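What follows is a set of structures to go through.
Here come two complexes built around subunit A, the first alongside subunit B, the second alongside subunit C.
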Partner chain A sequence: MAPKSSNFSKEEELLLQDFGRDLSRKSSVIFYVHALFVSAIPLWLFNRIHQMEMLDNAILFVIGTIFSAYFVALAYKNNKFELKHKIAQKRSDGVAAELNAKMSETESKKISKKEKDERILWRKNEIAEAESMQLAVFYTNSLFLILLILSSFFFFKSYSPMPNYIISMVGASSITGLLSTSSQK
Partner chain B sequence: MKYCVLVLFLSCFCVVASEESSAKLILTKNILNSIITQGNDLAIEYNMYNIGDGVATDVELADSTLHDTDFELISGKMSVKWDRIQPGTNVTHVVVVRPLKSGAQNFTSAVVQYVASEDSEPKFGFSSEIGEVEILSLKEYNRLYAPHVVEWGMFGIWTIPSLLLPYMLYYNSKTKYTVKSKKN
Partner chain C sequence: MANLFVISVLSLLIGSGFCCDQPSVDSSYYTSTNLKLGKNAAFVVELTVKCKNNVQDLKLYADVNGVQYPVTKSPEGNNYQVSWTAKNKKSPAALFDVKFFDESGYNALKKAARINQDANTVKPLFSVDVKHHGMSSGFWVSSELIALAAASLIFYVVCNERSAVIS
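Let's look at the complex of A and B:
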């Protein structure tokens, strides 16, 4: 049974950091920057194609962008967590090969198998962390932009610009966030 | 006696025949554009059919429903005259105007005046009504129908840091560690 106290050992904290859902500060910053940027891209389309003036709709745009960025960032986090484990399993051999190639024969004999395995695990986790973040950003952004374009320029094309923006942004970001919560077992 | 009866019969027939020889004009008014936009040319077609037996003379078509405040006349005339329209024939007249305002516009009937038969009083007729039509503003037209090639091109460029860059980073890393495992 897990202790109720939050005083975990250093090893447990490292395990939580590596395999838990929580993000490091650097990862959070990267995710929120990406989320804000991808949520701001549609403003170009709504300004130039739907003819919505930026100053006239500034408050709506700011609220919509922040709302969308929150759900997209949430989707990044969830997708990254799901992808990391899958990617880590696939990179085991490649990472082991890389480390073995880097270590000389004498060095390889000096360190214990346990330490070697730990190094491989740490490196694998590092690679999986980076790749899962990049793939989660790509997948989530693709899904969000496709949903937004379909809703704004096909399903709700005949709507006037303001309801079109609200429905498209809320719908696309909400569905993206919702789909990220599903886990494939 | 028989000759008198025959003459009387023939004169009656002529009277009946001359009463039936009368023109009857039908006028239709149509908009040729599928999309009507403020500031863009709008073509209106008037078709006049003489479905009667006689020649229609002194035919005058007039459409005073397109006011100068709402429409600018580009080509054609709003008042046109024809000397004669033979029975069973039709004439067509097209006017090109430019809407000056957007919004709902009611296109009502044009009027035709003609003489249906010799020595008769001029007759009046009304064309078909088009009814209420929505005239799009230029802004709305561009929003719905312009191709927006430049805008979509710029959108594609904006998505590079969001889509292409993360995928390239992932793909490079994947290739690096997948290739190594294959080598072993």
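Let's look at the complex of A and C:
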């Protein structure tokens, strides 16, 4: 087995960073903040509808929210990675046309083809990053909330509030995280 | 003569001790409006009565549309409560004038009923207006179904969007 090589060129490292599964710090922060917010929404539901007191169940709510936020953030990450490649492919022609239109003829002659391709790649990456993040968050949030509504208000309706909360939150977040690990080829 | 004097003084004392003079009333009420909770409408009226002559432990009776109900008193303070139920069909949305009588008023009311006299001639100690909004079973679709439908619609839209990207 070939040993892992850390001798990547700068361009290769940049490519890995842009199209790899790892998130930048900014993306991580955005994802975790969204995940915490979405995981905290059910607290209002369980407080107002299932009549669970916030202070009495504070520990359970904190653990449940953190657990759910972890899996929802994981789902964001996986969905974003899957979508980014596809979006980059779809937007490739459009981005190239946009950049060519922006550059004047003289400017276009001045810069090399390699630099032009790099600019297109960078712009494509920027657009794909933003769009894939937004779509991943939107999709994951809607999936999580629909699973939560189904489990809490239909499947486990007759359960008492505390088991209802535990099962609904664990179930909805786990299934959301699990479904994000699937990939379409 | 002396006996008559004693009796008069006693009557005055007893009378002033049990008759509430110029009552001031603080009231709140509840009427059931959800048909799903029960077919009969329930009414609860809670009040605090303060008499100018500081009479405690009043014995009160409530009259609602010609039917009398005893009013219970809390062990401490001047808090009273009366409750009754009525079949939903007999209690549509309406303003109920709940009249409260002390013991002498209640006896007068009973006497008027016995001799077929108009009960409105007996003046109540005070009265409380209770507004009943009527009972209903609410919207025919439950709120969780509406929430699920809205969430499903959003999920369908986002799935379409995602499929368009992935394909």
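Definition applied: the second predicted complex is superposed on the first by the 178 of 185 C-alpha atoms of A that agree within 3 Å, B and C clash if a C-alpha of one lies under 4 Å from a C-alpha of the other, contacts with A are read in each partner's own complex, and residues count from 1 in each chain.
To be clear about the criterion, a residue touches a chain if its C-beta (ideal position, glycine included) is under 8 Å from a C-beta of that chain, and two chains touch if they have at least 3 such contacts.
Everything quoted here is computed from the prediction, not taken from an experiment.
Using the contact criterion defined above for the overlaid structures, shared-chain residue A:86 touches subunit C, although it does not reach subunit B. Of the two partner chains placed around the shared chain by superposition, neither subunit B nor subunit C is touched by A:24. Applying the stated contact rule after C-alpha superposition, one finds that A:154 touches subunit C and leaves subunit B untouched.
In the superposed model, A:135 lies in contact with both subunit B and subunit C.
Taking subunit A as the reference, the larger set of touched residues comes from B, when subunit B and subunit C are compared.
Of the two partner chains, neither subunit B nor subunit C is touched by A:181. With both structures placed on the common chain, the touch criterion links A:143 to subunit C but leaves subunit B unconnected. Comparing which residues of subunit A touch subunit B with which touch subunit C, the overlap comprises 90, 135, 138, 142, 145. Interface residues of subunit A, counted against subunit B in their complex, comprise 34, 37-38, 41, 44-45, 48-51, 90-91, 93-95, 97-98, 101, 127, 130-131, 134-135, 137-138, 141-142, 145, 157, 161.
Looking at the complex, you find that subunit B touches subunit A at residues 139-140, 142-144, 148, 151, 154-155, 158-159, 161-163, 166-167, 169-170, 173-174, 176-181, 183-184.
Contacts from subunit A toward subunit C in the complex involve residues 82-83, 86-87, 90, 135, 138-139, 142-143, 145-146, 149-150, 153-154, 184.
Note for the complex: subunit C touches subunit A at residues 144, 147-148, 151-152, 154-155, 158-159, 161-162, 165-166.
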